[in-house]
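Listed after this line are the structures, all set down as structure tokens.
One chain, chain A, appears in both complexes that follow, with chain B as partner in the first and chain C in the second.
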Partner chain A sequence: MKSDNMNKSALDLAIRYGFIVLLCGLALFFSLYASGFASPRSAVFIFQSVAITGILALGVTCTLVVGGFDLSIGSVATSALMLSAYSMVILEQSALVAVLLCLAMGALVGLINGILIVKMRVPDLLATLGMMFLLIGLQRIPTQGNSIATGMSLPDGSVAEGTFSAAFLWLGRHRFDLFLDRLLPVPVVLFLLIALIIWLFLGYTRHGRLMYAIGSNERAAGLVGTNVQRYKIVAYMISGMLASVGGILLAARLGRGDIASGNNLLLDSVAAALIGFAVLGAARPNAFGTAAGALFVGILLQGLTMMNAPYYMQDFVKGVVLVAALVFTFYLSSRRGGRKTA
Partner chain B sequence: MLRREFMKLAVAAGLGLSASGAALAADMPAPFDKPEDVKIALVRYLSTGDFFQSYLSGVEKQAEALGVDLRVLDSRQDAALQADMVDQAIALGVDGIIIQHGLTESMKAAAQRAVDAGIKVVAFDVDVENDAVPQVEQSDYLLGKMALEQAIKDNGDSFTAGYVYVPGIAPLDRRDVAWKEVKEANPGITEAAMFGTLDNPIANSVANQARSILQANPNISVVFAPYDEFAKGVKIAVDEAGLSQDIDIYSADVSTADISAMREPDSAWAATVATNPAVVGEVSVRTLALMLAGEDPDAQVVVPPTLITQEFLNENDVKNMDDLGEKMPQFRHADVSVAEWIPLPKR
Partner chain C sequence: MVKVTCKLSGLEKSFGRNHVLRGIDLELRSGEVTALMGANGAGKSTLVKVLCGYHFADAGKMELAGKPYSPTDAADAISKGVVTVHQSIDDGVIPDLDVATNLTLDRLTEPGVGLFVNDRKLRRQAREVAESMGLTMDVRTRVADLDVADRQMIAIARAMARAPKLLILDEPTSSLSASEADRLFALIDRLRAEGVAILYISHRMSDIRRVADRIVSMRDGAISGVFESDPLDYVGAVNAMLGHQMTEVDIDPVSGGKPVLEARDLRLFEDSPPITFTAREGEVIAFTGLLGSGTTELAEVIFGLAEASAGELMLDGKPYRPASASDAVTKGVFMSPKDRSVNAVVADFDIANNMTLPFLKAFSRFSFLSERAQREATSEMISRIGVKCQSERDGIGTLSGGNQQKVMIGRWLLKASRVLLLDEPFQGVDIGARRDIGHYIRQTAAGRTTLVFVAEIDEALEIADRIIVLNEAAIAGEYVNRNVDLNSLVADVSGPGRSRTPTPPGGVPTAQAQSTLQNQASAG
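This part shows the complex of A and B:
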């Protein structure tokens, strides 16, 4: 009996802290074996490399919480990228207008997703898949499939005179001083801020708890008077808006409107959210886990790049991590749950 | 010189076509004396992105200048569909087909079927292993070679380099041959790191990688990034690391966005080598037209690339691709597969 108890608590510990230990171990390993890894600057660019997918992943987390899924985030992000470039370079609008347009676009896409799913009863994967294709096509229509950059020739023969305004580029390129000069980039600050807000919102507000309740049992939540439909729509709107924030930051970093499908953004951010299930043995979507999951993938990829591992190796490792995280979540946690009832 | 005068005449003749079509059409060899009856098809494998968009515009413009009926079939990276589309074009009764990219394995048989049906076929950037099918190419090997020659000219023959490469992509593999040769020939050049990814947005993913590479290898002074999306990514990383004075980037391909990135103050992007995709598109159509008129082009039609340096762009105040064509005539028009009777597109 005693050893059984010990096993149980060891398992508990493994589930709870296994991932965090792995994260620290990984950081230690790369610090020893990859030259230049252990430095504040390198820590910052790991954050920077995951900031955009991290923000998208936080959006997915919100839809996962209500038992949904959003496949359109990648294309929402690239649509925001194109839209911001379009409004500044071709329509010659200010940074503020560009940002507001993108956020409105994200919210609108989320609203449509939500209505399709809640009112039209289209399954979430299918509705957002459709939206994904729609957006990939839509973002290319205004420029006939060309990327947007200052000086490009327009179909009517004139030349686009607008530029990315300095205020907009600031969003992607400015760095705050922190101990070192020009250390902390804006996207990282935004990522941490959004992670904190989503974490507080989901974990510590009535709304957040109701969203979890909807996710675990929609009917029950509805029966006790929760406005299930409205919460679900709001979750998709948050997801859409966060995705467009990601797109804005991407545009500010690239400084041009790049044609891209955003599929890799989608996959990376979904992976981060799913890995997040395993962090602290939560076994459910949560903002802290998502941020940690994104960071985990970031550390791995940057470390491997520094050690000159080729890109396919990185894809492979990403896959291994994801599978391991899912095993953590679904198998180990179910065993733990099983024992409790036994 | 004489040739240029001649070209001008040809262009003038081409422009005159619209005014007095009947008079000029008589000078065209069959079947172009009745160009509206000539049907050609462009069967595409790759279509997304600036390069392919620009290629298409070149094909469209040259087809319009000739006055032929152009059908565009786009398989969007579906190799099986692309082969079916060739059959579809055969069924449509086209006179000529341009195969744009694709896989040798799937296109070889399809091209043969078209040739058997008496259709003239031109292939761009795909080897269909058929003597009756000339291959139009932008010389990827030369793209890499010329960029590296410029790098050696600027930096001497010994430097530490970073190299951006993703194996298994045909044009990148051909550019890689040039890099291997140059490394071999110049023992002073060391490759400190090789990296690269095609995760899109490519520039963003490459920037993330390049940040780590530059951190891990502070002695890198030259980055060879033979694809403009790679170069863009490296430039972002170099700027973020505050190293734009210390590192030179050499790349291949060019676009309006690339031009503005190269011209930013203190830009690390020193030079790029490019073929104008629109010109390649025009050459593809002209080669097909020559074949339809019964002439016999070479088995390989190579469109020569042009070196574009940051210095040149700044000196001539080049802002976009149109400016570049004006200031660098060899970029706007390639004297490849031309004939007196073929009208060139309006500029």
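This part shows the complex of A and C:
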């Protein structure tokens, strides 16, 4: 009986802290065996490598919380990338206009996703899959499938006059001083800020709590007077807007509207959100877990790269981590039985 | 001498500690429709599942056409001639395939069938089956394009293609309109004439009157009455199904203060008669009636989940037309729905979050939740209604059914309401918790009007000041809960046909009525 209890609490501990311990262990291992890994610059590099996927993953987390899923985030991000480039280079608009346009586009896509799912009753995976295709196609139409760069020649023979403004590029390239000169890039700061906001929103506000209630039992949430449809639509709008933030940052870092970039965004960010289920034994989508999941992948890839692992191993490693995290979440947690906390 | 098709003796079945079937003895005869009645949890569905091979009986014997019968699984039961049409029609048909495929689906799984489907042959077979059942539709129609009755017919027709000895129909009319049901009844008449034994499970008295040759009532896992004299004793059957022990709860009915909720000529369905009642402040009204009598629909209309087809509601003298549940809650109309695990419990949340879910706004500042306020309010409610738990942080899933239900009802008592609707508040709740809940509801009844929707008469008698009986979406009777004439109440529940009750003019004195009931119950 007693050993049973001990086993149970050991399992509990393993589920709760296993992932964090693994994360720290991994960091320690690479610090010892990969020279140059344990430095502020390298740490910032890891953050920078996961900032954009992390922001997208936080958006997916919101849709996962209400029991949905958003497959369109990757294409929303690349659409934002193209839209910002198009509005600055070809329409010759300012950075502010470009950013606002992108955010509005993300919100609109989220709204349409939400309406398709909530009002038209299209299953979430299918609705957002359709939207993904639509956007992948749509973003190529204005430039006839070409990338957008300063000084490109337009179909009518003239040359694009606009440029990426310095203010826009600042978003992707500026680094704040922190102890060291030019240490913290803007995307990393934004990632941490958004993670904090989503964490507070989902975990500590009544809106977040109601969204979790919808994800767990939609009927029950509706019958206590929650406007289920509105919360679901809002979740998709948050997801769309965060995806376009990711796209803006990517454009600002690249400095051109590159049609081919952002291919991996969808899979990487979904993986981060799903890995997040396993963090702290939450067994459900949560912002802290998502951020930790993104970091975990970042550390692993950075460490392996510094230990000269070939680039083509990256996706394989991500897949292994994801499968392990899912087993963690769904198998071990189901054995643990009734959860104690909210 | 009628032929006995299926004979059950001493059938028992338990799930864990839950003793669901406690020795069922039953004969089902060829060419006879046996109606099986029973309240929720009486064990009807378990009995059906044992018969059709989903469950194994723990003890007892089954015989089919004189031979021992113990199906190894559902397919085995079908091949031996016991065919079941389940309640949810879409379990019985494949909506995306055409009628022909649906009718002949079983043949595709038979051993020895070739790899390729011969559509023409299949259609010919299907047409034969359809014609024999009097179905006229084109067999190439997609089932999804048919109406519910046709789908039901197809489920039954497929069953009939097997030439069954015993046909089990589980609530077959629950989603049929009156004319659709008539077609089903005509079919049942035909099958009866062909000598099939039919077990017909239903709550609808009108259906039972139409088709039943005999009625078997179940209560608490045992047969509580068999009625086969002509004419059938419908009131006796309902009585045996609902049962009645003298309630220990002593209620001193209050007549209530000013009107809070008024229903004026409310029609729940297009073709149902108007309902008019007034619910007053401080009073507890129980609406009772069999499943499908309109109690749930009435609750849904008042809570804004459904729209009445005609008539109006008044709340505190003003017209009240809730657009949604949240609208109703804003206006002070709260509802604790039935089927708590589906409609109320958020399994991922702890007690505190489940309890405070409707009123999170009151527990937050600038949208940020105050966990302390949530926990304080919850732990106070826990001690007031007596939820048995370690702390308010326990997961809701760690509680027993009765305690979960206390949390679900306590949820709506956190704030003052004008109208409190409780739909089947005692569902899956043990007797102790039931008393606690009833007591607390009555204790806090001042300042609002409370409408309780229950199928069991006992529960109504335990909680209400006034009892309104619904039957086929109409008010069939109304009683102040003091020395209620139970015979008359049960007769109202079972609907028109009261003349069958041997009630002399002027009514039976209550004491006598109750003793008659006791006798009937013990006789059954």
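Rule of thumb we're sticking to: the second predicted complex is superposed on the first by the 334 of 342 C-alpha atoms of A that agree within 3 Å, B and C clash if a C-alpha of one lies under 4 Å from a C-alpha of the other, contacts with A are read in each partner's own complex, and residues count from 1 in each chain.
The criterion applied here is as follows: contacts are C-beta pairs under 8 Å (C-beta built on N, C-alpha and C of every residue); 3 or more make two chains touch, one makes a residue touch a chain.
Owing to the predicted nature of the structure, the values given are computational and were not obtained by experimental measurement.
On the shared subunit chain A, the superposed partners chain B and chain C are arranged side by side without overlap. In the superposed model, A:Ile141 makes contact with neither chain B nor chain C.
The partner of chain A that touches more of its residues, comparing chain B with chain C, is B.
When the two structures are aligned on the shared chain, A:Asn217 is found in touch with chain C, with no touch to chain B. Of the two partner chains placed around the shared chain by superposition, chain C is the only one that A:Asn227 touches, whereas chain B remains out of contact. Look at A:Ile259: by the touch rule set out above, it reaches chain B but stays clear of chain C.
After overlaying the two complexes on the shared chain, residue contacts for A:Met120 are found with neither chain B nor chain C. Once the two complexes are laid over each other on the shared chain, residue contacts for A:Arg173 go to chain B alone; chain C is not touched. Rounded in steps of 10, the angle chain B-chain A-chain C defined by Cα centres in the superposition reads 130°.
Aligning both complexes on chain A leaves chain B and chain C separated at their closest CA atoms by 27 Å. Residue overlap on chain A between its contacts with chain B in one complex and with chain C in the other: absent.
Residues of chain B that touch chain A in their complex: 47-50, 53, 166-167, 193-205, 207-209, 211-213, 215-218, 232, 236, 239-240, 242, 255-257, 259-261, 319-322. Within the complex, the chain A residues that touch chain C are 200, 204-207, 209-210, 212-213, 215-217, 219-227, 284, 338-342. Only residues 305, 324-326, 328-330, 335, 337, 342-350, 352-353, 357-358, 360-361, 363-364, 367-369, 393-395, 397-398, 411 of chain C touch chain A when the two sit together in their complex. For chain A in complex with chain B, the touching residues are 34-37, 39, 41-42, 45, 48-49, 52, 78, 81, 144-147, 149-153, 159, 173, 182, 185, 250, 253-256, 258-265, 301-303, 305-306, 308, 310-311, 314.
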